[in-house]
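Dropping the structures in below, format is structure tokens.
In the two assemblies presented below, chain A is common to both, partnered first by chain B and then by chain C.
Presenting the complex of A and B:
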């Protein structure tokens, strides 16, 4: 085990980190130095706990990097560090909204393919307004937008289509027509960022509907097949295009 | 084993012997107890809590109006936490209308608590008006009051 001294976490924000790097956190997270240092740096000590996001693990007094990527930091709400990495394979995580494809009906439970290692299960009662008599009309091959309720490495993932207050809030069966395709997970997060330019530019083109699943699946529906395919091609290609190229492509389209 | 009337002394002796036997056989850790560290770090595997991601279902230019409403609702829920608690709820009924309703309301509720006799009086008055309008007969009043007596029908 390489026992290197780690580098300060703050110094590496925005830079590439590799698995095995040890990040040291500022002194006020140290439990041993609680008595003295907290009092000294009382003004700067953040309240709340530090969030150690995906790609990082807690180890001793610092954080150990487990995935390669860029280190990100969010100062608000106690602070959060995570690694922005790229991958195509999805691992189910609790609370994520994903698009699943119904592959089988087994009694009271539907089996959905979400792109993970196991099919997820979805109970027929997990829809808004579903009772034992009033079953949702779900067929094999339907698309469902839902969120994970149980998702760990020891158990089969379970999904539901209602939120904690019992309302569907947009989840459930995704309608007819439309086009489903797969992209990498990093692009999905880019598209879901609060002010995403790609989405804003696309929304100027035609009216269309878009559902983004955190498992890398995107569903698009527009008025004509041609418009749908154009949007699909742009979304797939914009991962590797620069902003300039994208604007040119869109200008050509809106000119046509 | 549970013997009644066992002296407390013999009980204690028995217990001590048991403990001795057990403690020799039990394994225990040589390591001193680790201090329970209250760590300030939470591990999280979801990107949703780290980054500020918007809701995954979107619709543009009015393609699906329900989803557009949902978009506004979900995205405003994330950003603005204090929404309508400060603003006063707009009243559905204006104050003037309330006052008007109250005036009539007092009368109708008041009738509920009148005693039987007074209720009949009120009833006669109401019906009286209707009858006068319809038939123009003022003889119906005495006929209703003296219900118990038989009256000869007028020609």
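Presenting the complex of A and C:
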């Protein structure tokens, strides 16, 4: 498929795109209509600006694909295009909830390894109910579930364990025991989708606690060590199993 | 040795031309290639492997690239992807790195001597052959994402 001149973006939604492919946008997203355009009649063109998501860059008349993957489109609110790609290495993004491992305490700030190119910093005041007198009990080697407030390519990433209203909403230090392991980012996104089948099927097997970090890290804790390891093995294998194979594996386990 | 160093330099220049390093400042990106078996056309094999590795790792690329080797035989015929035997008998060996956007040449290296016209002919043949390699990339990626 010769794509030197570019192909229409809508034609490629749901298909594999490779870096270097040029996507042409429909005519009503013209570059010269930066501001509001007066419409004399109620046009069918959607309002709002087009969002260019991960894996795409604006270039001239269209979008240049920079990562390989499946092209996705969301029609609401002006529309958004992005590339759904499989990756193992995490790049910090603002607002992502991740699991970090404390590697050092430097004065008032903890250094966390989040799997990116730089360690993230977490202030001791960024916990719910923390004051200068009431410090959180964080040791080196602890697991922390938090979100990024600052994460761009120019600055060191910063995390917090409270949301904008000051409540922890599930974030903070992850408790004792349990098992932490790493999977690819695509699997995490699949597990985080609403009504994920894998999680529903697993919850019928044993009760367990699960924390999913967008940096590819998963923490699992079940009643016994053996149950925990079974769940870990299933989650790791889920990436390469089809739905039928997974149902067979789970049926075998619940039969035992 | 010196030969490995020069191959590393050529690979590095090619990768730097397509990688969007702007998105990763103050970061080292290291690419490690391990030769398992060498049956000729080693440099273009390394280029293809490097491109697939960058693609698989999810690094932002402006375009794909591939490597094509041409061997100029003593009687003037052009042979693409020569084996080690054919490389030894050839008069000149030319390796080109070709980008997927408009088949631009990113890197060209020659061993032996050839005339300018012969080099142009080899370049044209390499650009045509590059399409086959890019189609292979597309098919591999398609196969990988068909399992999701």
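Definition applied: the second predicted complex is superposed on the first by the 240 of 256 C-alpha atoms of A that agree within 3 Å, B and C clash if a C-alpha of one lies under 4 Å from a C-alpha of the other, contacts with A are read in each partner's own complex, and residues count from 1 in each chain.
In the analysis below, a contact is a pair of C-beta atoms (placed from the backbone, for glycine too) under 8 Å apart; a residue touches a chain by one contact, two chains touch by 3 or more.
Since we're looking at a predicted model, the values are computed, not measured.
Trainee: Mind checking chain B and chain C on superposed chain A, clash or fit?
Mentor: Chain B and chain C fit side by side in the superposed model.
Trainee: Going by the contact rule set out at the top, does A:18 touch chain B (first), chain C (second), both, or neither?
Mentor: second
Trainee: Looking at A:240, would you say it contacts chain B, chain C, both, or neither? Reply first, second, both or neither.
Mentor: Second partner only, chain C.
Trainee: Answer with first, second, both or neither: which of chain B and chain C does A:87 touch in the superposed model?
Mentor: second
Trainee: A:229 contacts which: chain B (first), chain C (second), both, neither?
Mentor: Once the two structures are laid over each other on A, A:229 reaches no partner at all.
Trainee: So, A:68: does it touch chain B (first), chain C (second), both, or neither?
Mentor: Touch partner of A:68: chain C, not chain B.
Trainee: After superposition on the shared chain, which partner residues are touched by A:213: those of chain B (first), chain C (second), both, or neither?
Mentor: In the superposed model, A:213 contacts chain B only, not chain C.
Trainee: Tell me which partner A:153 touches in the superposition: chain B (first), chain C (second), both or neither.
Mentor: Second partner only.
Trainee: Could you look at A:140 and tell me whether it touches chain B, chain C, both or neither (first, second, both, neither)?
Mentor: Neither partner.
Trainee: Which partner, once the models are overlaid, touches more of chain A's residues, chain C or chain B?
Mentor: B
Trainee: Angle at chain A between chain B and chain C: what is it in degrees to the nearest 10, using CA centres?
Mentor: Approximately 150 degrees at the chain A centre.
Trainee: Once the two complexes are aligned on their shared chain, state how close chain B comes to chain C by Cα atoms, in whole Å.
Mentor: Superposition on chain A places chain B and chain C at a least C-alpha distance of 11 Å.
Trainee: With the touch criterion stated at the top, can you tell me which chain A residues are shared between the chain B interface and the chain C interface?
Mentor: After superposing on chain A, chain A residues 57 contact both chain B and chain C.
Trainee: Show which residues of chain C lie in contact with chain A when the two form their complex.
Mentor: Listed in rising order, the residues are 18, 20, 23-25, 27, 55, 57-64, 99-102, 134, 137-138, 141-142, 144-145, 147-148.
Trainee: Enumerate the contact residues on chain A facing chain C in the complex.
Mentor: Touch list, chain A to chain C: 1, 4, 16, 18-20, 55, 57, 64, 66-70, 85-89, 117, 153-154, 186, 190, 240, 242.
Trainee: Which residues of chain A touch chain B in their complex?
Mentor: Going by the criterion above, the answer is residues 25, 29, 31, 49-54, 56-58, 63, 72, 74, 80, 82, 93-97, 145, 169-170, 189, 192-194, 199, 202-203, 206-214, 221-223.
Trainee: Enumerate the contact residues on chain B facing chain A in the complex.
Mentor: 37-64, 67, 70, 74
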